[in-house]
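Next come two complexes, and both contain chain A; in the first it sits with chain B, in the second with chain C.
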Partner chain A sequence: MGITRYIVRRLMFSVALVLGVSVIIFTLINAIGNPVEILLADRPGITQEAIDAISRYYNLDQPPLIRYFVWLWNVVRGDFGTSIVYNQPVGDMLFTWGLETMKIQIPAILISLVAAIFIAVTAATRQYSRVDFGVMSGALLGQSLPGFFVGIILILVFSYWLGIFPSYGAYSTRRMLMGSGLIDGLWHMVLPVAMLAFFNTATLTLLMRSNMVDVLRHDFIMAARASGLPERRVVYRHAVRNAFIPVLTYLGILFGLMLGTAPVTETVFTWPGLGFLYIQAIQQLDYPVIMGETMIITVMLVTATLLTDIAYVLIDPRIRLE
Partner chain B sequence: MTEPGAARPLLDVRDLRVHFFTGAGIVRAVDGVDFAVQPQETLGLVGESGSGKTVTSLTLLRLSPRPARVVGGRIDFEGEDILTKSEKAMTGVRGKRMAMVFQNPAYSLNPIYSIGDQLGEIVRWHEKVGRREGDARVTELLRLVGITDPGARLRQFPHELSGGMKQRVCIARALLCNPALVLADEPTTNLDVTIQAQILDLLLELKDRFRTSMVLVTHDMGVVARMADRITVMYAGRICETADARTIFRSPQHPYTRALLESMPRVDHSYARDDARRLPVIAGRPPNLIEPPTGCRFHPRCPEAGEECRRIMPEPKAIGPGHTVSCLKRGSSGVAA
Partner chain C sequence: MTEAPAAAALATAPPARPPGMWRQGWQRFRRNRTGMLGLTLVCIVVLVALSCAWIAPYEPNDQSAMMRFGSREGPTWAHLFGTDRMGYDVLTRVLYGAPTALAVGIGAMLVASVIGILIGGISGYLGGMADELLMRFTEFFLVIPVFIVILAVVRLFGIVVVGSPLESIPYLNLMTIILLLGLFGWPSIARMTRAEFLRLKEMEFVEAARCIGATRRDIILRHILPNALPSLVVIVALGIGGAILAEAMISFLGFGDPKAISWGQLLFFNYEALKVAPWASIAPGSAIFMTVLGFNLLADGLSDAFNPRLKQ
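Then we have the complex of A and B:
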């Protein structure tokens, strides 16, 4: 009973939040001006009549309030409009480009989660040892290095020098033509996934290590040892699950924002993903794409935080959703 | 093997030394400690904070925390030296032959596992039994520690229990595998006074029922008076005096034991702020264990200390049946230190 009411209330709040975000983004885009005028200004051979005609085609001659509600009504019906740069339905674009982003983000998050737990446990159980200092220094370095730098180093080493992995794109043209894309697709994923996983692992390791160090100091850990449970079981069954609870929040954010958090990776590796598209759309004032993508990211984040809260209840019996 | 009348002690600690190797120096937390626990006996290990009693009890399970290291001595338990056992062999001692009840029940249960889950895990691990048998054993123990409706409690989590209840669960956890020795480290310090009495009674009752021995670590003379058969008084990592409880209270010999007893408030006495009716205190501060006092550790605070106490570290001397004291003024010999 309690949990259903909680979820319903949260969903209602989420709808309000998504609407609020859409209003803000819409207002900001409109504050820039008429995109058709801005994009076509000073182009030779473009007359004011042409600009007006194109603006009319995209309904840009209507007052903003009307256009917002038209946009909203269309979105409710599942129509995100048409990209003014690609001239494709935004909904389809979000879907195909979104899949490409998820293809590198989901493996990166999962790999970094497993790696971070293992590394953090190794470090925390040897607190203040050389291993621990090594892990901490590595993780701090990983957090502070600029993304493009790591990406370019990866390309330099693994593509340029060693020639193992491709440096750009999600498929090679030849493979695509031949139609056997699976191995080829995985091969292209390796470097971008490695880059994303590198940064996630650094942050997750620091977070998990400090939680582990904290949990390992608790009496119930000593009590588990004093009960004769072997150390591995004490660490993995009794400590890790407690230390993981705060990490869950960060994990929720990673998943929730994953569609929008890889623009640097996608740019460095020319990966056809949503982060890449987002940057492009902003540069070219492709407002239906900007609006649509912002909506998708907001909905994802709101859903992920709700799922995180529910996961909390499953993992920690002390938490009640009210 | 065992001679009648001269039963071998269950636990025999000889010259135990546990030092902490810290950046600031070596902390001699336990520095030459001897004591023994007979079968079905309760030994009270008494001393103020920092006297090394908790480190001693953790070391008995070989769980002294880093950076502590055992640098000398023997711990014979059930005829085997704990200190030379493999880590794997120790997991068969901990919780099975020797178990521990911790000071703070609020923190000594894992918050995210149910009572049945975490206690059952221990039974299943040690006794190699299935979930059904494990749960039956846990339920039985919960009933014995006075928890009502034990079957339903299995599914409850620590945060759903009161402090006294949690400590009962911790006692049940210690007794799950019928251990020969229970180490109770300040088991009532964090409980309400009324609950304290109940928990102490429960420990006495279960100790008889399970025929276990107990080492009761406490700073509270009132608790040992009620519970202990024999008492060992610790000061600054050394043993001052060991005797049966009656002797410790009726005729304490070591100046520290006397000072400790005099500083206990009495109900039949009225205290005031003036010098004559003030509650006696032990002058000075507990010593720094990185550079402990030379000679007898207690000499800077001892009213009877003489010149030799500053130079010579006293060794335990038997001054009566089962009564040993380490004090040069009571006839101990010693070595310059």
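Then we have the complex of A and C:
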């Protein structure tokens, strides 16, 4: 099977998956009845006519099946509807809040990649030494530490006790830290990024170390050593490259995990990103935002998995397509 | 939970027979220090869960500390972990969180195991078209953003049940969370079951069973499934820790069961007072960490014990 056919097949599966998730969420939202009625249930003086008018405005008087396809058609054209709570286009909201989420997640994954490779190489080249044992136990502990608890500890130590970093938000509202918008933004990013990077580094280090240990036993490493290459070159040029391939596929999973638990991360740091928006939306039953968000997050997740899978196939000629 | 079959096998195995799979596994496991540490942590949590009504210094809903010590009082001899913003004794609440955590972990994994073993077993044993279809279905559940979907379902389901007879079920919200974690947690079990069934159904002893005319049910239930269990036990142990963590995160976001005492719930209530009463957040957080670590290490040790060739 050619690579093109493989990609097309995976793409088709991805589209089916995204549609499936949107159907699940749409069905659930409809199961609770008319959201307008629920939101206005406790308000005195709201007449039935007013409820009907608002429902009509949001197309809620149509049967669910038609509404779903109308919604889908609009999404295809790039229109995610209007938020009930914010009265803003959901597409624009997802973009602005999504950028904030990416602002902490992408640096976190890059930092943890570099850190994990360095730590894992140090440990794997000294297998069974004290350093190796320390790295292994640290990574195992780190993997079991709940991310949000790490965040809470970070805030407690670095914001409340030492007073170095701010404990919430992405920007200062009144006076910018150190008088510059850029530094202010970066300063706010430190703790959330540290929390995400902590967990990722632990996971990636464990994976990278076991791959390295495995690769270093291969004959081609011995051949490289026998040909008189310096050890640094053997390790970083020949071994790391091969040990990195499984880590690459794991990046997709890790990214999905980070995106999926963004509500927790962003609640800990009151970070104005997709996760925070999502929590607000499901508390306030802002259903266009709920639909748009689940859709966008699923699409991002599926894309990440797809990209890593394709990269895997392209990089490693031993992988057979099935 | 997962220890029960192992313990039973140990107790009933006559000494003359060569050590069975479970006994060999236990002998290897006993020498694994991290695995034993995990087992110890898990045992502590189980003991606390069973005895929390007797060892807890106060009643879980006792707010009388408000009268003498006040809320958010730092750790003292009377209140070892301090009191929280409602005047509850933090230590008592943390101890009472253990049964909830175990109920979530074990309950969710029971649901997940039933679905996962059924789907994985059918898929692996039958193969062909059924396998293809079921695996696509499994993949669907593997890729969707489970946590996001569960949050929405918990919230929306909470509205749907208002006024329905379902409302009278005790701890309905917690039950929903357990059920959802199970309903979305089975794919890894299904994959492992399938892989084990694919491997085992070609083995000679299964061939032999087929030759002497064993029924299909006997082959699956008495020959294939018992041999697939060691790998499944590892996944289930990991899953219990994962489910406990997931419930903690759901409760931390405020979607937990307000009637149940869970560690995530405690964090949700006390996180906003982190600056004035850090002990009220650190104690439940550490409890989650210890429990999840226990199950992770246990799974690690079990995996080394049952698959010694994989160990590096």
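Here, the second predicted complex is superposed on the first by the 278 of 322 C-alpha atoms of A that agree within 3 Å, B and C clash if a C-alpha of one lies under 4 Å from a C-alpha of the other, contacts with A are read in each partner's own complex, and residues count from 1 in each chain.
Please note the rule applied: a contact is a pair of C-beta atoms (placed from the backbone, for glycine too) under 8 Å apart; a residue touches a chain by one contact, two chains touch by 3 or more.
The structure presented is a predicted model; accordingly, all values stated were derived computationally and were not measured.
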(request) Label the relationship between chain B and chain C on chain A in the superposed model as either fit or clash. (result) fit
(request) Check the contacts made with chain A and report whether chain B or chain C touches more of its residues. (result) C
(message) Per the contact definition in the header, classify A:241: touching chain B only (first), chain C only (second), both, or neither.
(response) first
(message) Contacts for A:213 in the overlay, against chain B (first) and chain C (second): which applies, first, second, both or neither?
(response) second
(request) Identify the partner contact of A:228: answer first if only chain B is touched, second if only chain C is, both if each is, neither if none is. (result) first
(request) Once the structures are superposed on A, label A:2 by its partner contacts, choosing first (chain B), second (chain C), both or neither. (result) neither
(request) Considering only touches as defined above, state whether A:160 meets chain B (first), chain C (second), both or neither. (result) second
(message) Taking CA centres after the superposition, what's the angle at chain A between the directions to chain B and chain C, given in steps of 10 degrees?
(response) 80
(message) Can you report the least C-alpha distance between chain B and chain C in the superposed arrangement, rounded to whole Å?
(response) 13
(message) Can you give me the overlap between the chain B contact set and the chain C contact set on chain A?
(response) none
(request) Mind listing the chain A positions that touch chain C in their complex? (result) 13, 16-17, 20-21, 24-25, 28-29, 31-32, 38, 140-141, 143-146, 148-149, 152-153, 155-156, 160, 210, 213-214, 256, 259-261, 263-264, 267-268, 278-279, 282-283, 285, 290, 293-294, 297-298, 301-302, 305
(request) Within their complex, state which residues of chain B touch chain A. (result) 58, 61, 63, 65, 87-88, 90-96, 99-100, 102-104, 107-114, 118, 121-122, 125-126, 157, 159, 170, 173
(message) Could you list, by residue number, the parts of chain C that touch chain A in their complex?
(response) 34, 136, 139-140, 143-149, 151-153, 155-157, 159-160, 241, 245, 248-249, 252-254, 267, 271, 274-275, 278, 281-282, 285-286, 288-289, 292-293, 296-297, 300, 312
(message) Residue numbers of chain A touching chain B in their complex, please.
(response) 218-220, 222-231, 233, 237-238, 241-242, 245, 315-318
